[in-house]
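The structure that follows is given in the form of structure tokens.
Read from first to last, the chains carry the letters A, B and C; within each, the first residue is number 1.
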Amino acid sequence: MWNTIWTFFHKLASPPHFYRISAILLPWLAVPGYLLVAWGTYNGLFTAPEDYQQKDAFRIIYVHVPSAYLSMMAYMVMAISAGIGLIWRMKLAHAVAAAAAPIGAAFTFLALATGSIWGRPMWGTWWEWGDPRLTSELILLFLYFGYMALRSSIGDTAKADKASAVLALVGAINVPIIHYSVEWWTSLHQGQTLLAEGGPAIDTAMLWPLLANIFGFSLIFGSMLLRRLRTEVLFRERRKRWVKELALGGQQS
Amino acid sequence: MPGMIAAFVATTQRELLLSLRRPGDMLNPLVFFLMVSTLFPLAVGPDNETLKEIGPGVTWVAALLAMLLSLNSLFMSDYEDGSLEQLLLSAQPLPVLGLGKTLAHWLVTGLPLVIVAPIVAVTYRLPNEVIFVMMLTLLLGTISLSLLGAIGAALTVGIHRGTALLSLLVLPLSMPLLIFGARTVALAANNEVYSAGIYFLAAYAVGALTLAPFATAAALRISNE
Amino acid sequence: MNHKLVAEDLTLFRGERCLFSGIGFALGVGGVLALKGANGSGKTSLLRALAGLIDLEEGTISWDGRPVLDDPQQFRSQFAWYGHRTGFKHDLTPLENLRFDAMLRPQRDSSPRDVLRSVGLEKQMELPMRLLSAGQQRRAALARMLIADVPLWLMDEPFTNLDIAGREFVETTLGTHLARGGMAIIATHMALSLDANLDELVIQ
């Protein structure tokens, strides 16, 4: 049993094999992902009722919440694969970490931008330091920047992989600490933020589109990751025969 | 085991001896700290109430930046003269040797900041009880900063012009320390309960002491490939 | 003790480039292995890989029949490293430097003073390292090897910056080390004149 699983992963870790399997897997992530997001967004914008307090402004959560969720998720994916790469010396895992970082940074940026736009009608300002979530998202964005800057300033790929993996792990230990400390920091101010979404009273007509979008965004994240990973693998293996054959043969068998 | 402790002590001693031979390196972060603290009253104006309000934050930011400034050289000269190779190839565990170096860094950079901080605090009109709290937070915070910064210094040691990069790596990680450090002092200044912050800083220092040396050692081996 | 270093099927990449592949050797007590090859051929890289400073793509190195990766810490207590850079602090004296090195690996009974005297640095041992000439610094590096109680010496270009007397001194010192049951791997482009079990490994 374990042997079968091990062989499967071992095979998957071989770049040409991964390249073939990922091509088959890609549409299975992307198509349901975009369909779910289309359904969720349509219903979120048109069928979900207005919030009695925030009116239509609350509808930005259909982008904001999935982005914020994925900004953290991507960091976890990055840190876990970096750890796997460091411990088991698995090159594909390092490539996953490298591919995940820019996507994670993009979602973090999206979460910040939508949060800020949402803040405009809610608080009357574009930025509110008193909101713990926005502040930790901002620090998370800085963590992504640091990771990508370290990676790009080391020329040798293998060395860049390992060095940035150490950073990703150190960062992963710190993410909860940062989150906690920012919460503590803002709790010292009076008056909680309006951004506290969820709660027991949420209407199901509001909830279902949100869940569809969270799930759909995750699938899209998966497909983006896979797509970037395929490019990353091709680039890393550019001197290998299978890539040359692929490039010259055009069609893959 | 005794060999390990001897190696730890010897590493710390050697670093302290080196600092004594070049006292300038030791003074630079201190002078920097004092200068940054001077910038704020000049920029904000000499209003006592405002200064009292921003005093804890300013002192903490200045201390953080001064620590960062000194971190770049932590492993750089070792890398350049080949003594890092000797440490990597030593029969003693590398985390222990790295910890010895980090301790020396804290003794020559962090500890002097803690000692000088009251001078700054007095000019910001902070009362004596608050100054004591400030010293306590800085004491715990600079220990963590040295340990955390050592990881960053180890990661960037072979990189040309790594100073800016080092700050980029270490600053986001050090934000919890800044938050708890500065806010704790501010709470003390407002006569509120501040013990939570002290506990947090102490817990962070213990955690960093346990984990950071291993990350630093791993980073040093990677950087020296 | 009868030590043995065996390397099999070593392959090393630096970035995209394969420096060497399928290299192997065996080294026993009293033996010297000279690593030869043009500049940039990978002599130093091989030496660094043997010391564990860089990761091999493939291959195993074993010490006394055990792969060194099983316990790198144990293997590091078996060799001393003579690098391209001396690894000394220029603001400290040779004596202070050597005393620190004494903490890093198993040591012989001889005192740092005696060893420095034996390499001809009697007058310089209390001067800052930066005042010593390149050749004198190399002698101090040799003193570090002599004071370590290890069977294996890994040396990267030990003859650079040395005059004829210095070169002969390195060779005599090496001879003594080998005679008392040591072994050495030396990356060099010079011919070694040693009265020992000399092997050559040429890296293309």
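Definition applied: a contact is a pair of C-beta atoms (placed from the backbone, for glycine too) under 8 Å apart; a residue touches a chain by one contact, two chains touch by 3 or more.
Computed from a predicted structure; not experimentally measured.
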For this assembly, give the contact graph shape among line, ring, star, complete and other. complete
Work out the mean Cα position per chain and let me know which chain is farthest from chain A. C
With contacts counted as defined, which of the two, A-B or A-C, has more C-beta pairs across the interface? A-B
Quick one: most central chain, C-alpha centroids? B
Using Cα averages as centroids, what's the distance between chain B and chain C in whole Å? 37
How big is the gap, in whole Å, between where the Cα atoms of chain A centre and where those of chain B centre? 32
Using mean CA coordinates as chain centres, what's the gap between chain A and chain C in Å? 48
In chain B, which residues are in touch with two or more of the other chains? 225
Expected list for chain A, residues touching two or more other chains, is 156, 158
Among chain C residues, those touching two or more other chains are 55
Provide the residue numbers of chain A that touch chain B in the complex, in ascending order. 86, 139, 142-143, 145-146, 149-150, 153-154, 156, 158-159, 162-163, 166-167, 169-171, 173-174, 177-178, 180-182, 184-185, 188
Given the complex with chain B, which residues does chain C contribute to the contact? 51-55, 73, 76-77, 79, 81, 83-92, 96, 99-101, 103-106, 128
What part of chain B is in contact with chain C in the complex they form? 3, 6-7, 10-11, 14, 17-18, 21-22, 77, 80-83, 85-93, 221, 224-225
Show which residues of chain C lie in contact with chain A when the two form their complex. 14-16, 55
Touching chain C in the complex: which residues of chain A? 155-158, 239
